[in-house]
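Reading through the structure tokens given below for one structure.
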């Protein structure tokens, strides 16, 4: 009602399992954008993804891509994990009255789902932005400068951005990127290594 | 049809289980806005939430968020409660001809569902307003002044508002907030403690 | 967000099973356009095709035609293959925010589905364009010149085009088609022979 931009800079001090901080970009500047996921307590045999948060068509499709990919990815890193076979999932993007769209929350959505399924929170003070393809490619996005400013304002330390945005980061003023550590992701595996450093499948890669 | 504002100031003298008084805000001022819930007598194996009351898209999504969260919350405060596994629920927002939208009834909806599931009415002369996130965060809303005026007109004594609206309450004229006790909620647990003071899980917290 | 054309020239160095490079044509010129497919990890008895990528109505219909035809074709070349009976499929066309439409990705979509079902990648450095009819006819498309330029820029060696576009290829400047080998397809079988040279059903036809 009258709110045209995001007001939640730091909704969570530490994000529990299933919740990941993303970065959004609007005409009015950058902002944080949390992806919240939780299992749905039901006994349906048909397991699905429910979404809320006034998501536009492209963002709606991003949730579907993230859901398909996350199921494959979780199976790949932990073949014994049956979370998605046993649970429907609800994904919400606060704030509920603010229309949101675009594909750049793809890796954030996928990471929230992976975190929920693995029951493992992501690294503290981490934020990310990047489009996800159906097979785990991470595609470049817009607004790196505005998103960096928003990340810093929210106390973020590590930022994951697409490999294809490396040049945009290199062009940032020192005053903007000072204090932020950028991690470049070409595929979702690169995101996973940064977000879940303590997961067993990452232990031999450090 | 043709009514553009709410006319029900005090629809219920005392709200039974499943019904909670919320506060709405329109261009014409504030008003009370009841959330009514009841179980549906059916034998479907698929348990769901049906909603009526000419709800807009955002408010429709609020009902889904409240439903997902209420199921988790009830399970957390009473693991033996199987209400939502055994019942479909109908949620209605009178008056049926008045279009309504916005996310600010989130905590009211959730509280109505919790009250229904626990079969426990909320505290008398209580009203509330606040957006609910999927994980139980209570987010600030607009119209605190107008909602306070409407609450007082309806004989409300206790008002639950989001922690993020504390500054708005502090700026209210004494003439408006006199006689109202404000309770600030950062998470849904804060709402629950005020609304259900006699619930066993709150007894050691008073 | 602001991107009005495709930026991914060579998203994949080598395309794994289920992924095929197509060629698109916009007012701004030609570009590569990948079709990504993967199975969906679910246990639904109803097997379906889910699509994402901001596809217009015509392209949406192309996916349905490709899905129907691919199921028939895979059964014809390998009667023991039960992939489509056992799996739902998700088809995505990056980049998610770019609206796409038109029928010319028909053979690319079908080939991605066939590749996924056979678990066999297509020939390296192959791209294709062509409308598919429901019975496997390959119909001519526009933009052969622009698509050829894009193919070359992306390191493509073999290009499959509809038989009906042979005259358009013949009219291309030597500077454009030099280094590209054109294969003409009248029916989908012609596409299959070029894309999967090592498939047993093609071995006696070489």
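First chain written, first letter: the chains are A, B and C, and each begins at residue 1.
Heads up, the rule we're going with is that a contact is a pair of C-beta atoms (placed from the backbone, for glycine too) under 8 Å apart; a residue touches a chain by one contact, two chains touch by 3 or more.
These numbers were taken from a predicted model, which means no experiment stands behind them.
Trainee: Given the touch definition stated above, what is the smallest step count connecting chain B to chain C?
Mentor: Step count on the best path from chain B to chain C: 2.
Trainee: If you average the Cα atoms of each chain, whose average lands nearest the overall Cα average?
Mentor: A
Trainee: List the interface residue numbers of chain A and of chain C, divide the shared ones by all numbers used, and answer same when the ratio is over half, different when under half.
Mentor: The interface is built from different residue numbers on each side, given that under half of them are used by both copies.
Trainee: Rounded to the nearest 5 degrees, what is the angle of the rotation that puts chain A onto chain B, matching CA atoms?
Mentor: So the angle, rounded to a multiple of 5, is 60 degrees.
Trainee: If you average the CA atoms of chain B and of chain C, how far apart do the two points sit, in angstrom?
Mentor: The answer is 52 Å.
Trainee: Just curious, how far off is chain C from chain A if you go by their C-alpha centres, in Å?
Mentor: The mean C-alpha positions of chain A and chain C differ by 30 Å.
Trainee: Would you pick out the residues of chain A that each touch at least 2 other chains?
Mentor: Residues: none.
Trainee: List the residues on chain B that touch chain A in their complex, please.
Mentor: So the residues of chain B in touch with chain A come to 25, 45-47, 57-58, 61-62, 64-65, 68-69, 71-72, 75, 84-85, 102-104, 106, 131, 133-135, 137, 139-143.
Trainee: For chain A, which residues count as touching chain B in their complex?
Mentor: Going by the criterion above, the answer is residues 1-3, 7-8, 11-12, 16, 18-19, 34, 36-38, 40-44, 50, 52-54, 90-92, 94-97.
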